[in-house]
Structures are given as structure tokens and as C-alpha cells.
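Heads up, the next two complexes both have chain A, just with different partners, chain B and then chain C.
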Partner chain A sequence: MGLVRFATRRLLLAIPTLFGLLVIAFVLANYLPGDPLARILGDVGGSDPVARATYEREWGLDQPIHERFWIYLQHLVTGDLGQSTLTRRGVADDLVEFFPATIELALAAIVVAGTAGIILGSVAAFYHNKWPDLVVRTIALVASGVPVFWLGIIGLQVFYLRFQILPGPEGRLGRGFDPPTHITGLYTFDALVTGDFATMWNAMSHLLLPACVLGSFFLGLLARMTRASMLEVLRAPHLVTARSKGVSARTLLQFHILPNALIPTVTVLGLAIGGLLAGAVLTETVFSWPGIGRYAVDAAKALDYQAILGVTVLIGAVYVVTNAVVDIIYAALDPRIRLGE
Partner chain B sequence: MTDIQRPGDASDPGSPVAVTGRGETMSTAPVTPTLALKADRLEGGGGRLAFNIGVTIVVIWVLVALTVPWWTPFDPVTDQDLQGRLAPPSGEHWFGTDNLGRDVFARVMHGARLSLPIALVTVAVSVAIGCLIGAVAGFLGGLVDEVVMRISDIVLSFPAIVLALAIAAALGPSTTNVVIAIAAVTWPEYTRLMRGQVLSIRNNLHVLAAQSIGCSRARIFRVHVLPFGLQPILVKATVDLGMVILLAAGLSFIGVGAVPPTPEWGAMVSEAQSRIDSWWLGLFPGIAILSMVLAFNFIGDAMRDRFDPQMRTQRTRGGGATSRMLRRTLLGKAGERAA
Partner chain C sequence: MSAHPSLELTLQPSPEGRAPGAPVFEVQDLQVEFRTSAGVAKAVNHVSFSVAAGECLAIVGESGSGKTATLLAALGLLPTPPSRTTGGKVLLDGVDLLALSRRGLRDVLGRDISMVFQDSLSAFNPVLTIGRQISEGVRRHRGLSKKAAHALSIEMLERVGVPDPRQRVDQYPHQLSGGMRQRAMIAMALAGEPKVLIADEPTTALDVTVQAQILELVRSFEDLSVVWVSHDLGVVAGLADRVAVMYAGSVIEQGPARDIFHDPRHPYTRALLGSVPRLRDPDRGDLVSIPGLPPSLVDLPAGCPFYARCDVRDERGLARRPELVTVAPRHEAACFAAADEARNHG
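The block that comes next holds the complex of A and B.
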């Protein structure tokens, strides 16, 4: 089947999944214990029958669960995700404010882990069974089992407390720095575009350690994948042919090795998005990073049910959509995938 | 589903002839496990070594978990000494003392009594639920199958920790609820695996034979289908033990898992977060988690290599000349020396 048809089909398949995700998150959030009204309306409003009745009517809290779901859907379509009891603001506003921080962190983690992982994996393959291979395999192995939250604390102890070359867990910017003019919400990018290099430098120094910690698992995975597929490609018959024709090492790498070896890496990249969002929950907690991961944790601990619902749906939706997009990219790169369907 | 029986697969009922899902007969070369083992030994025993290291670490932790109350001089919860709080490692307190003057060594050792059972019970629950649903879905097919697969798709479309976080928060912080939360997000993986197994076994010769002598559907399912699908499940369950330990520690670290006085490794690292200058508070429980996760990864990888020939780690040689050329031209003298 053609690529366009494959892409359409894949995206359409994501819709029922997204809906199901919403249902599960909604049901779950509805069974959170406690009196949500008292927390939403605060100490004064919680005991005021008029305020309670108004709110109950708006969100249909006196209705059966399927009615409430329908009302929630209607609000959702208009971009209203309800009130957070924790921040006392709209959940949608919170998500809009906190999501860019997570995106910035995840992108930085992908850049760090992607670059290092592919280089390490390639080096390991070139030195198959020699000591650089052993070193890379050990790094990959440890990275696959290390708890990110622990790695974050160790990283802070080494680079912040001991050597004092990186800032502590104080969020995205140090004291005395104001966020740059809002363009994308990614501080490093916004500061660069507006020419505020001091802020950019500060934002980058705050970003470095969390990004390395968050990317650690992905780095190990990527190094292993690259090594394995590189070894496979290095043995391929077409390489012998190319070499016997006298192709230069550079051309060999650029046209014969890398394109073939990096295809599996794209799949890992897709899996990484989900992994990074999950890892962000823990990493952001360690570094006081004001992203949706930390928001999810705070909301869960405070039993802030509309916030939990909103953030769960957002993360799930990002995950589903990225998976669909990665499948499509994969199909574009490797015709066997879409032909096999 | 896998239509074609792989040689040496244990789900192969021992016959060199297997009937594939589409009904054609194809011959599969019988490869005995001993031959595979020999090949493994010949081509470098890396897998075997890793397996042995993994088993050793797990056995040590199991022994620690079983015997720790008899040989640590301190109680992990009640032995508090506020005068000697936050003391660095010493001869008396090998891993130092924490915020309340409790012995960190005793707490880390007692942590094994929590993490191991949590991981085992969680995986057991997840496997039991997942396999049963998957086997029934695969065996019955039709609408049941469709519904089950869609539900498992949806659960798998959440990052595990996010859904587990919401569930654990809803249930309240406790170790039991950690088990429930993690099992609730991991069962679909087993469901899919088991369903695939059942679909491929369902059309095997021995099942057709059982049908032809008039076995009931329930008996065929119980005796002729279910046992043959379990082996890959066991391999996956072993790999997952490490993942579950990480997840459970993560939940406790966040504060929706084991509650503070409990000596749980994730919760201990969480306490270390607010006393970051006392490095011994977080270092040791973290190493404990890491050792346990790596041990299960080692064992799981070795089992997968052993039981699933398709996943077997590449050990064939080749490509050496190309690698040498690349090393020489791209990295120059330094590259040659490193080799």
C-alpha cells in the first residue's frame, strides 16, 4: 500500500486509542478518594451550599458517571480541563505553562543521548570485542538498570556540591534571571532568538545535568541498538562488493553503512519519547524542574483529580501521536514495513 | 502471530513436522538443546558468565532478605540515635546513619525484604492475569479477542509510570497498592504474548490430534495449549522483574509507594534528596536497586538467548576487514592503537 494510505490508516487507528485512553483516565480519576469539591472550592467555598451546587451543576457531579463523562467531553472540546485544586487555576493554563519545560528537557535529553549513543555504538562496532567495545557495553549495561532519580542525586552531589561547576536543583533559571520573552516557551531557544546570551547560558547550565540524567537510559539503549545493527551491516555482502570496487571509507560510511544501520535507531527514537515522558516524572522531581512530570506528581499526591486527569490525558495523547508518527517515518524509510501490511 | 515454528522452540511438540497457521505443512529441522548449548560455549561464554553473576547476586539478596534480622545489630526502624544522626560511614555504622540516627546499612539490608517480594508478587499477579486473559482471547477468538486486544492497546499507550502514579495515588500510599498499580499497567504485555502463543499452538498437530479423539475444548485448552505457551512468558517475566523493581522504587521515591519509616530503597533515596550533602544516605540504597535490576537483566537476557534463537546475541564473526579499514582511515594512528 502507498505511504499516504499507510499514514492515513495509522493516524485513524490512533483515534479509538485516544478515546479509550480518555475513558480509562476519567474513570480512574473519578475514583480518587476524598471530597473533590471541598478542595476545589477551598475552605470557605467548600462549606457554602450555593457554591457547591453551582459547581456540581457545571461539571454534573450529581449525575451518573457516563453523564459526567459527556459533560467533561463537552468542556474538553472547548479547551476547558477544569480547575486545579493545587494551583487554583485552570488545568489547561497549567499544562500550557508547564509543558514547554518538559519539551525542552526531553529534546535536550534526545540530543545528548542520541549523539552520544550513536557515536558510542558505532565505536563499539568498529572495535568489536576489543576494549572500547567492552567499555561501551558496560556503560550501556549500567544505563539500562540505573534508577534515574538516584543518578540525578549522585550527579548533583558530584557536579553541584563537590566541583561546583553546575547549578543546584533550582529549576530552569538561577536567581536574578527572568524568563526570556515567550516565543516557544523553550528558554534556551527564546533567549537565543532574542539575543539574551546571559540568560541562554544560564538556562543551558541548568538544563545540562537533568538532560544527561533523563537521557541515560535512552543512551544505553541507543548504543546497544546502533552497535548491533552496525555489526550486522558491517558483515553485509554489499559492503564487500563496495570495498572491492575501491569505494573510500567516507563514502562507505555515508552511503553504505549509516543509512542501513540507523533505521532501527528510528524505532528506538519513537520508543524514547514515551520513555522520556515517563522519566521526566522522576527527573523533574529531583531537579525541581517545573514541567508536567512534576505537575503530575504534585497533582497525584494532592489528589487533585482534574489536574491528574488532564496531565494523564496529555501525556497519553503525546505518546499515542508520537508512536503513530514514528511508525509512519519508519514506513517511509523502510518500504518493507508498508508493503508487508 | 508467528505462523512458522522455529527450530528448537520448546513450543514445538517434539515433532519435526509442524503445521503452520495457514494449514501448509513445513518441515523444521530438529535442533536439540544440547547442540545449541555447545555452540554457545564454543562462541565465547559471555552469556553464561552474565547469567552466573546475575544468579549469584540474586541468591545473595535472597539470603540477606531471609536472614537479616539475625545478624544486623541495629533495627532498621526503631533503633534511633538522635545524638549520632547523619554520621558518615564508620566502623560501627558501615553505611553511616540517617536523619534520625538509624543505621543505613541495616535499612538497606532490610530493604531486600520489601523489594524482592514486591517484585515477585507484582510479576506473578501480572503474569497470572495477563496470561489467562490472553490465552482465553487467543483460544476463543472473535469479538472477545478483538475487545481484549483493544483494551490492552489502550493500557499500553500510557507510559507505565504515569498510569501507575495515578492508580497508586487513587488507592493511597502503601506497598500493597504499589503491587496493584504496577500489575494494572503491565498485564497487557503478557496478554499479547500469550495470545500470540496460543494462536500458533492452536493449529499444531497435537492439538488437531486431541480434537480428533474428542477432547473437550476446555481440556484441550488446559492440557494441550496452555502449558506450551508458558515458556516465553517465563523469560519475559524474568526480564520484567528488574523493570518492576525500578518502577516500584520510583513510585516510592515520588511518595506514592512505601511510606517513610519503612526501609524501602526508593523511599530512602527520596529522604536523601533533602539531605543532599550526606552522600551516604542515597548512594547505598541506589546501588542496591542497581545491583538487583542488573542481576535480573543478566538472568533474563541469558534466558532469552538460550530459549529464543531469533533473539540470540550475535556471536558470528565477520566484518573485521571493513571495521579495520574504517578505523584506520577515520581515526588514524590513535584508532589503530586502541585496537
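The block that comes next holds the complex of A and C.
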């Protein structure tokens, strides 16, 4: 029961955070440098005071900032994030179209970084100061040290240009493939569910390299975190107690080592989701991935401030929600958090 | 620092009514080394002792004297590396634990012999309930169901005097008080009904009142053989049938508790008890601290390890290491002077 109470409280606490995020994002977007009207109305219209005034009135831009925020909020609760001046569509519609691609990429990166990071970290800890430990530490250092855009380009050079075993930067699917029936917007998943294995395979091959590149930083971070916490648990006195009771090796690993060692790892994994969304901007550019990162870059270049605001709010909201979920998982794993120290 | 009950009050060894039967648990000539950055530390040097059924042996000595290393090595619980058991036997009912396979050892630990640790907070797994941890070992040994194991945990908590066992059993270690947690740990150690209990300074972290309760609890299990490690002589005096004194990784004196407390023969034991007559400084009253430090375990002297701090030393101690010799009935000391004295008077 302690967990339900904790989760409820934690989720309620996320609401003021989300509100604060909205305020800050709105104010920042409001003070973006440059003249959006000039962009929207063109060179001629932008310098025409009458055209400017008409547009400002139409969009409520002549109101004070708190009024405009109120208008924005009212639209937000109905799911309306305003119009993109770049795509001439609703920002919400744009996000619905572009976000699944980013989610698919980020999830794939998490899977790569999570499994590889945890396995490598554990191996390093069990072979502490032996050669596997050294190899893992080197991989971790390189993986989290190399910039994403460089790794992406090198990856393409090696696997696409030289060995030609992975597709080039052509987006989510190769030529001749149509997106599968829209269910979640994640092509691999949708193709799997509809039984279109050829498309699924093609989508996966397009996903592999960007996911590895995007996940590399967190792979390194997770490997080092897992290694450190695993080493700490392996030295913990309670492990000697458990062994003194004659429990099996499996019990030792499953109930004594892993639950304790993975608590810090889960935290990093949760934070990684937010970081991956941000990192997606670079990866998506390198791989021509039609996701929210590229949408944000295009919007920023065009001073499309409704779109910029929409992306900021969306990514921020995902961050806040994943943080809350991580805290809840943390509490589920550690009774000291759940029940108070 | 732990609370230290006054020695005068508690210097009353339990009566020697129990006949020393055949040893249940016996450590023979145990040697343990640690690889450190400074070199190989000889933490345990030819240590031998035994406990009979229902007997309580106390192992005393200052920190770093090898008490804990001896016992952990005896049960195969020292991490290897950096430690290495280089020789000796550890017999439980005649079976050498050091010769057993990992699996064979697991079958013995928690069933025939179990251990209680000093710091109950770090000795419990923080993410599992007390009840789960109490019956965890026994569940494997006896193949108990989850339900039966839970019932056993409640029963054990009740036996060690934890109030509200039905509620406590589903709580986590951090939710119990220190004394309560130490009782729970004893419940955990005794859940498998072992013949031998190894207790590694289990009362050090507790206040005096709770200490007394824990001692009372351990004494109430009459058939249990206990090896009780402590640096607190007050605690030992109230509990032990026999005492072994360790110094620099060796047992330097052992005998019936009454003898050790009232007629110590080794100068270190005497110093430890604070009752040594100072030959060169007769005006000085009771000794509180022993001057000097124990020798480095990496660089043990060839002779007597206590030589540098000894007030009855002579050149024999510089050259040779004294063996344990009988100085009184069932009472041994590793000291040339004590051996001389015993010969002259006996």
C-alpha cells in the first residue's frame, strides 16, 4: 500500500513542475530574438505597419504576455498548440506525425544502451581489475566521450559506404517500402503486429545504426554506473550474511546482488530517456530521420515559435513524467525510499 | 566506541559445570594470508581451537588481531582474492569444511553452523523483508514452502523475544531498532537449528541494557555451541566457558574463563585485563593502555609477536616464537616466561 500512496503523491507533484515548465518555455519563446512577423509576412508585408497590426490582432500578439499565456493555456487543454508557420498546419498535428519516429529511435537506443550497459558493467565488476574490466572501461570511456555526430558519420562510413551491410541515411524505410498501417506510429512494432515482416526487417535495419549512435553516450554511462554499484554490492556485508546462510548462487544473484546494484542504474536509465530525446536532434540530422529533433531544428531556423514552443513543452513533459515514473520504480525497488528512512 | 560495562561487576565467569565433551567444531592450524599493496599480510597464523557441545568459547583480542578473519575463513566466507587460506583444517562433526565443494559448503552453512554479525543494519539486505531473510537459508535446506517459511520466521522472531512478530516479519531492516534487528539476526542464524553459532562481536553496536538482553538470549540456547568473538572482556566474562586470546593473528593464551580472568599467564592477557604488576614502574596503578602497537602483519617478527611491548621479555623472545604450552590444567600460554614460571611452580 505504501507504493500506491507514494506513486499518487509523486504524480501529483509532477503537476506544478509541468506548469512551471510551461511558464518558462512560454516566456522564453516570447523573447526569442529576431522578428517572427518578418518571417511570416515576408519582406514586403513585414515592413508594412498595417499588415503587421492586422496579424498581431488576429493572433492576439497585441495583448500583454499574461493574457497571451492564458489564451495559450486555454488552447493547450483542448490539444491545440497553435499553428506552425513553417508547415502551415497545426503544431499538434505535426508533433503527432513526427514524434513516433523519435520515440521509436529513443526506445531502440534505450534498449541498446540498457542491455549492453548493464551486461558490460556487470562483467567488468565480476572481473574487477582483470582484462575484461579494462576492455569494458575503455569501451565506456570511448562510447560516452565521442560526439554523436562524429560517431554517426563514422558509422555510416564503415557500415554503409565500406561494408554496405546497413542502409544509408535515408530515413526510416528504404525505397519501395510503404509505412505499415498506423497503430502506434512505431514502424517496427506496427509492421510486426500487422504481420508485414519484410517492412519490419527493413525498418529495423534502418533503426540499428542511429539507435547505437544515439545510445552510445548512455551505454558508457550505464556501464560505468552498473560497474560501480555492482562492485559496491559485491563488497557489502549483507552479501556475506546471505552466503553464511547457504543460499544458492541463483538466489544470491537474483535477490541480493541485482536488486541492490540496479537501483542507481534505474535512475540513470530514466534520466536517459530525457537525454535521448534531446540528443535525437543531432542523430536525426545525420541520419535524415524524420523525427521531432529535425522538426525542432527546422522550426528554430524558421523562427516558427509556436512549433518551437510545442516541441519544448512536449519534450519537457516527457522529461517530467519519466522522472516521476523513475521515482516510482525507485520506490518499488527500495523500501527505504518507499517507507521512509 | 561501545559502552564498556565495568569489569569488576561482570568478572564472574559462568560455572564450569559442563563436562568438556568431544569437540563439535574444531579449527586446526589455520593459516590465512591477505594480499595487500604493502605485501602479504599474515592475518591468521597457525590458529587452533575447539568447542564442545553446549560450550561457549570466547575469542578476544584487539581489532586487527585476526579474530574475524579466522572465523570468516573457517566458513569459507572471506573473499578470495585478496585472501587465501594457506593451511589448516576446519572440522564440523569431523567433516573438513575447507575440503568441501562450494555446493557441499552451502549445504552445511545455515544448517549445521551459522553466523551472527556485528552491524545488524549492514548485515541485512535492505531490500528484502526481515521474515524473508530469516527463513531464506532454511527454505533451501529443508525445501520449505513460502507459507511454511513465513510461519517459521514468525516463530523464530517470537523465540528471540521480538514483540509483534506477525507485524515485524513483513517489515524491512531499517524499520527495526538496533536491538530488535540484532535479535532478528540471531533468529536468522538459529532458524536452521544449527549445532554451532559463530557470533562476531554481535553486541558491540548495542547499548549496555540491550547487550545484557542479547547475552541472556544466547545463553538460553543450552545445547548450542557458541564461538563468541569480542574485544569486550566484560561481555565475555559473563558468557564464556573458555577464552582464547588472540594477538597478531595467533592464539597466545587459552583456557577456562575463570583461569583467564583470575590467573592470566601471558603478559598480553594481563595487560589486556589491566591487572599486570608493572616491574619497572611499581608506582603506576592499573594499566589502561598497552604501550606500543601490534606488529605489522606484513612484516611479522621472527620471534615472539609481543616482544616489542612485553615487560617480561628476554632474548629467547627475540629469536624464537614461543609455542603454546600447558601452564595449568587445560590452560595454555605462548610465552617463555609463563612456561618458566609454570615449570618452577609445578
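One rule holds for everything that comes next: the second predicted complex is superposed on the first by the 297 of 341 C-alpha atoms of A that agree within 3 Å, B and C clash if a C-alpha of one lies under 4 Å from a C-alpha of the other, contacts with A are read in each partner's own complex, and residues count from 1 in each chain.
Basically, a contact is a pair of C-beta atoms (placed from the backbone, for glycine too) under 8 Å apart; a residue touches a chain by one contact, two chains touch by 3 or more.
This is a predicted model, so every value here is computed, not measured.
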State whether A:Phe255 touches chain B only (first), chain C only (second), both chains, or neither.
-> second
Counting only touches as set out at the top, which of chain B and chain C does A:Asp334 meet: first, second, both, neither?
-> second
Which partner does A:Leu166 reach: the first (chain B), the second (chain C), both, or neither?
-> neither
Have a look at where A:Val135 lands relative to chain B and chain C in the superposition and call it first, second, both or neither.
-> neither
Looking at chain A, which partner touches more of its residues: chain C or chain B?
-> B
Could you look at A:Arg243 and tell me whether it touches chain B, chain C, both or neither (first, second, both, neither)?
-> both
Touching A:Pro16, do we find chain B (first), chain C (second), both, or neither?
-> first
Enumerate the residues of chain A that count as touching chain B in its complex and touching chain C in the other.
-> 235, 240, 243, 248
Per the touch rule above, chain A residues touching chain B in the complex are 16-17, 20-21, 24-25, 28-29, 31-33, 125-128, 130-132, 141-142, 144-151, 153-154, 156-157, 161, 228, 231-232, 234-235, 239-240, 243, 248-250, 252-253, 274-275, 277-278, 281-282, 285-286, 296-297, 300-301, 303, 308, 311-312, 315-316, 319-320, 323
Given the complex, residues on chain C that touch chain A span 72, 75, 77, 79, 105-111, 114-115, 117, 119, 122-128, 133, 136-137, 140-141, 172, 174-175, 185, 188, 192
Footprint of chain C on chain A - complex, ascending | 235-238, 240-248, 251, 255-256, 259-260, 263, 333-336, 339, 341
Which of the residues in chain B come into contact with chain A in the complex?
-> 150-151, 153-155, 157-163, 165-170, 172, 242, 246, 249-250, 253-256, 266, 269-270, 272-273, 276-277, 279, 282-283, 285-286, 289-290, 293-294, 297, 314, 316, 318-323, 325-331, 335, 338-339
